[in-house]
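Look at the two complexes coming up: subunit A is in both, with subunit B in one and subunit C in the other.
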Partner chain A sequence: MITHPFVYRAPTSVAEAIEILAETPGISRVIGGGTWVVPECNRDESRPGVLVDLRRAGLGGIDVVGDVVCVGATATYSALMSSPDVARHLPLLAAMASGITGGRQIQSQGTVGGSVVAARPSSDAPAAVAALDATLVIAGPDGERRVTGTGMFPDASTSCLREGEILTRLEFAVRPAARWGYYKLKRSASSWPIATAACVLGEQPHLVLGGVSATPVHVDLGPVLARRPLTPDTIEETVRRAADSVSTPWEDELAPATYRAAVAGPVARRALEMAAHQEES
Partner chain B sequence: MSTNEQVHSISTRLSLNLDGTDRTADVDPRSLLVEALRDDFGVTAPKIGCATGDCGACTSRVDGQITKTCLRLAVSAEGSQIVTTQGLAEDGQLDVVQQAFWDEQAFQCGFCLSGMIFAASELLAENPDPSDQDIRWAISGNLCRCTGYEAIVAAVRTAAVRQREIPQRG
Partner chain C sequence: MSHGTAPHLDEARPLAGSSVRRHDGDAYVTGRIGYTDDLSLPGTAHVVLVRSDVPHARITVDVRDALTRPGVLTVATGRSLAGEFGPIPNAMDPVPTGGQPLEIHVLPIDKVVYVGQPVAAVVAESLAQALSAAADVQVHYEPLPHVLDPEAALAADAPLLYESWGSNVMLSGTVGSGDAEAAAARSAGVIHGTLRTGRGAPVPMEPRAYCADWDARTRRLTWYGTTQAPHPLRHAIAEFLGLRERDVRVVAPPVGGSFGFKNFGHPEEYLVCVLALGLARPVQWIEDRASTLRYGARDSRIDYTASYDDDGRVTSVACDMVANHGAASATGAFGMAFAGSLAMPSGYQVPDFRCDYRVVVTNKGPWSPLRPFGKEAGVLLMETVMDAVARRTGLDPLEVRRRNWVKVDQFPYVTTTGLELDSGDYEGLLDKALTVMDYAAFREEQTRAREQGRYLGLGIGFEVLPEGADIPGALIGASDISTVRMSPSGDVTVLTGVTSPGNGNDTAIMQIVADRLGVAMDSVSIVQGDTDVCPFGFGNVSSRGILTGGGSAALAADDVAAKLRQVGASMLHVDDAERLVLRDGFVSVDGDPEQALPIAVVAHALYTVGYIVAPDVEPTLESTRTFRMRNIRHHADDEGKIMPFSTFSNGIYLSVVEVDIDTGVVDILRHVMVHDCGVMINPRFVTGQFTGGVVNGIGAALTEEVLHDREGRQLSAGFKTFLLPRASDVPAFEIQHQVTPSPFTPLGTKGAGEGGVACTMASLLNAVNDALSPLGASINELPAVPHRVLAAIGGGER
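Let's look at the complex of A and B:
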């Protein structure tokens, strides 16, 4: 039982959600899938006066509009896994979703949007979303705005949302079929990730490390990977760059900073080797 | 207690279709769904283990999706169709997964059963011939404290064999 009193609201549109947040400044909290906010309230670590549940706000869809894949803010990991559009255009996102911690139940309850907003360092979604060069579409009292790149993740457990705003969808540009790789290092099936690496190769290659720092680490690939096939040499150079890019390693109960700094290179290597294998096949 | 707390502690009416029956109960609006199921609707198959979404003991099927009901506010489930493991048997006959768990002695205390049985059913609906690795991954969101995983995997294997042998219902 949540010990503190709160008012529960389940708006049926984005406009209604924004209205509720405007009426309750500073005391409301938004629920995406509930897998983080609900237990946090139950542990009395958060005491919002109003819980705004987006489950009925119509934000769970996945659509292709022109050359953009739009993933609704409350699309669950199961929705990502079963979407033909995600399988075709964003296989990295489907792979991330199928490997999240917590089993089938959490895949059906957790939302990629919620994970991005929670911005927890040891979470699967942020690095994968960053590697896919997502655009966050945010609605607020002043209308809509878009956030990309490092702006999506200002700090550990700190979202880019301002007071009164909600995330409505994530947009991903449809790109020519690109090789990709994803690797997650964790203690066991039920453990949070200690470190992740997500890479998308092609015209604009990205390699992003998750879990190793407060926010996803974009590895500066320089000219190494542009338009060049993956070879043992280019992989070696990229791994070195990945290891060097972790300046302030994250530390928590899962692993100390020294461990995270030490695994950054190997985790990057495994993601790159996965991409290299796709090249061969 | 402040006025504010009194206002929000007033119970609210919650209507569900629970294990095939339309039910209504008065619940504290601060209840987790699993608490309402157990305390207000009297359906105690879903257990409260961790209340953090880790152990799976509270699992039920909510509107078709297997759900850790400790991660849902009870009030968010208004109008939902909920099936607990108490609603799986038909005409007094355990379903194929339940029967396999019974026959393989796949549980000791039974606390984890709701999660294990729903996770196994979900797997078999998608993959009628899973490998042991598939089974282990499928049940990975559920914790058994009696160290009974080997027997649980055996039970899911047995359920898969039996399900392939019997004609599908409906």
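Let's look at the complex of A and C:
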């Protein structure tokens, strides 16, 4: 039960949302689906004075604009799973969404934008979004700005948003015929991810590990995978690089740091092998 | 699978033995069952507990600010109650067995001993007001050093939780007989090992909920709540409050699972009474999940030495068990260590056996009784030993078990801990399992898989579970009283002292009674869980719902049936009442439809025209019965042993797992279960009960573990950090039933309440180790979470 009194606001536009945040500095929290913030309030771990719900702000759409797929900040995992555009251009994102722990209730409530902003180490979305080289489009009192790459995830549970800003959408460049792989390791059905690996191969290959560190780990692929088919040797070399890339492994109640470091390689291997199978077929 | 197709036990008794559906299942699945939290008595005040932030400290509590908050009615502390109320009664007392005295207060008076321990109770008009005001209770902590693990707690200079004890050992003792060391010295080989089990927690769907209502006019207290044992709790509440037992009524509404956690002895059971008395209005406390998960179980370490001969026979087992109880409690949870060690030899012939056990207190939340009440310790121990003997001797693990089992013709068999195993056919269990599992084919598949880099393992688990406990000096007995009464219209009401944890034992008791009276199920109703209405009973502990409640109901129903026959014989002008048959709602002569009367007509006649139709028959259609279990023995024998259990249900499970050696993840591929709980009244419910037990065991074996940080704060406080198996984590169960009736119980039943947990833990542990054996790796600690498995392989250290 949320016992502290708070004001609930549901702005119907980005401008209104920004206005509300400007009026309530330091005491407001923004929710997309609310699957993280609301339980926190229930447990009395967070006591925002104003809860700003973006679900009526018109940010739930998924559109293709030119060669960019725009995923609205409040698009739910279910929306990702049922979107033909995501299926065609971002199958990795759909695969990630379909494996979200919590089943249909969470898939229909939680949002990929919310997960990116929450930046929790043990979340499914960050590594996948990073591997797809997303651009975050952020609105604030001073207008719009864009964030890419490692800037998206400054630290564990630390958002790249500044005071008064909201995430409005994620943009993904359409990459024709990019091969991809995704693997999630968890302890059991109800467990948060312990380690994930997301890879997108092609012109600019990316392999990103999630869960193993405070923030998603971009594996330095060097020249290994660029424009080359996956072979047992290149996979082996990449797995080695992946295993070596986890310098400060994450630790929580579900798995110790030594374990996360140890599974980084195997998890990377499985994502790469998935991509290799696509190559064959 | 045998759902709904089990053969009837008896032509004349078509219901008992068949898988009829629950009489109230529709109410459960459509949300019409009223749980305690649904009561909403007018004027109910709500309790919120303020809990300790620290593991060990002297406390002073300032409630002045909280008292000024809106809606607050009172704020109770240990100090405010201490003048009027003493410690709460113990469900079981360790003192008679040489343990320390327990003094658990409703709220701690001057010090806390674990994080999360309640220190104050805020009572307000609404839950929200109580929650809000709870933040304004000021607790000043004067920290004391704390201990979390039993090794540290046993050190000479360890901080003491309860200073008057002089140590942190609540209870210690030795069970067994013979000379294990001498036997080991004579034997061909000796095995040393250690087994650890992590801390589990009770997880009923419904946490605890208590509501007390003091009626100042009648000066009676009515207590509603989640309890397995209404009559024992009434006794305890009356003793605690200084009321006469008759002035306390305990009502147990339907519960969403019990598992031992809801027996009695929790401080909050008494807290709501004290507050209701003070406020003269209903007061309720509803537990949240984090509170439930603060109670523990298992968390034990066993160091063992076992010896064997070349033919694979185990010649001795000696072990030292240290149980981490957490803080002390009045629930009798310490008994899990005692019952667990008594059960240790399982169904094996171990000539020389000894277990030295110690129950150690630490600054964690207290143990709670939790099925299978400590008996998993011995099952894990013996099944580990059997596999170790197989490895050492080169014998097949199945063969080692066959060589060590108590044989069919040896029952009743007295184990080296003094338990008299009533009956069983352990080889029969295995034979049955092997009809489902092609053992040789699996071994071939395993070899092929290993060539492909896949690691499959098969594990065996065998359990013998002492049930139907009767503990001297405690309100835990192997009997219950049932009343069966028939109304003038032929309606049958069963009143019984056993309660239902939600598993359907009420329906099964109705089946038993309906059969014996020859009436349809819908002519029978049952009342449980109300001390004003039901005869005395010990509730649903120790797998006794059908054993004692069903047994006594059968006897009472037979009395009423005999009366119906007498009256029917008189009305049908037959001299020999024994010729009268009760079936399908009719009393008939030898089943002849031409010489028959509806049972309702006979009942009505006895009530209304008895002086005409049956002048010699006492005019009642009611009987209250119980029985004494013949095999319980409380007088100690020459070695000081007693025999406190009625029956010994048993089972064997074969698990097949695949271990992902890169990640340590264990996947269960098959789980074959053959169990024997004697006669089954309703195979559907037995299957349901075992299914729950197996899932429980899977959780304990693979996923569920409560962790604490160094400051004693619980890291596992919800279902994202304490991982229960979900539907997709469990395989399709392959369940077989074997029926070896108990010679001692009225219906031949043995109790099915605790089955499956221990057996599954053992079969999965052994399966994982079988899979790891080509790598020369093994684990000896559950749960076998991935990082533990990977560390065993050496992967965690790479």
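Here, the second predicted complex is superposed on the first by the 281 of 281 C-alpha atoms of A that agree within 3 Å, B and C clash if a C-alpha of one lies under 4 Å from a C-alpha of the other, contacts with A are read in each partner's own complex, and residues count from 1 in each chain.
Note that in this section a contact is a pair of C-beta atoms (placed from the backbone, for glycine too) under 8 Å apart; a residue touches a chain by one contact, two chains touch by 3 or more.
The model shown is predicted, which means the values in this text are computed figures rather than measured ones.
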Examine A:Gly26 and indicate which partner it touches, taking first as subunit B and second as subunit C; both and neither are also allowed.
neither
Which partner reaches more residues of subunit A (counting touched residues only), subunit B or subunit C:
B
Which of the two partners, first being subunit B and second being subunit C, lies in contact with A:Gly66: first, second, both, or neither?
neither
Answer with first, second, both or neither: which of subunit B and subunit C does A:Ala262 touch in the superposed model?
second
Check whether A:Leu254 is in contact with subunit B, with subunit C, with both or with neither, and answer first, second, both or neither.
second
Return first, second, both or neither, reflecting whether A:Gln105 touches subunit B, subunit C, both chains, or no partner chain.
first
On the A-aligned overlay, A:Arg55 touches which partner chain: subunit B = first, subunit C = second, or both, or neither?
first
Would you sort A:Pro176 into first (subunit B), second (subunit C), both or neither based on which partner it touches?
neither
With the two complexes superposed on chain A, say which partner A:Ser191 touches: subunit B (first), subunit C (second), both, or neither.
second
Do any residues of subunit A touch both subunit B and subunit C, and if so, which are they?
1, 3-4, 189-190
The residues of subunit A that touch subunit C in their complex are 1, 3-4, 44, 185, 187-192, 194, 253-256, 258-259, 261-263, 266-267, 269
The subunit A residues in contact with subunit B across the complex are 1-8, 10, 31, 33-35, 38-39, 42-43, 51, 53, 55, 78, 101-106, 108-109, 189-190
What residues on subunit C touch subunit A, complex-wise?
127-128, 131-132, 135, 662-665, 702-703, 707, 715-716, 719-721, 723-729, 785-787, 790-791, 795-798
In the complex formed with subunit A, which residues of subunit B make contact?
4-5, 7-9, 28-32, 35, 51-54, 56, 59, 65-68, 70-73, 75-76, 115, 118-119, 122-123, 136-143
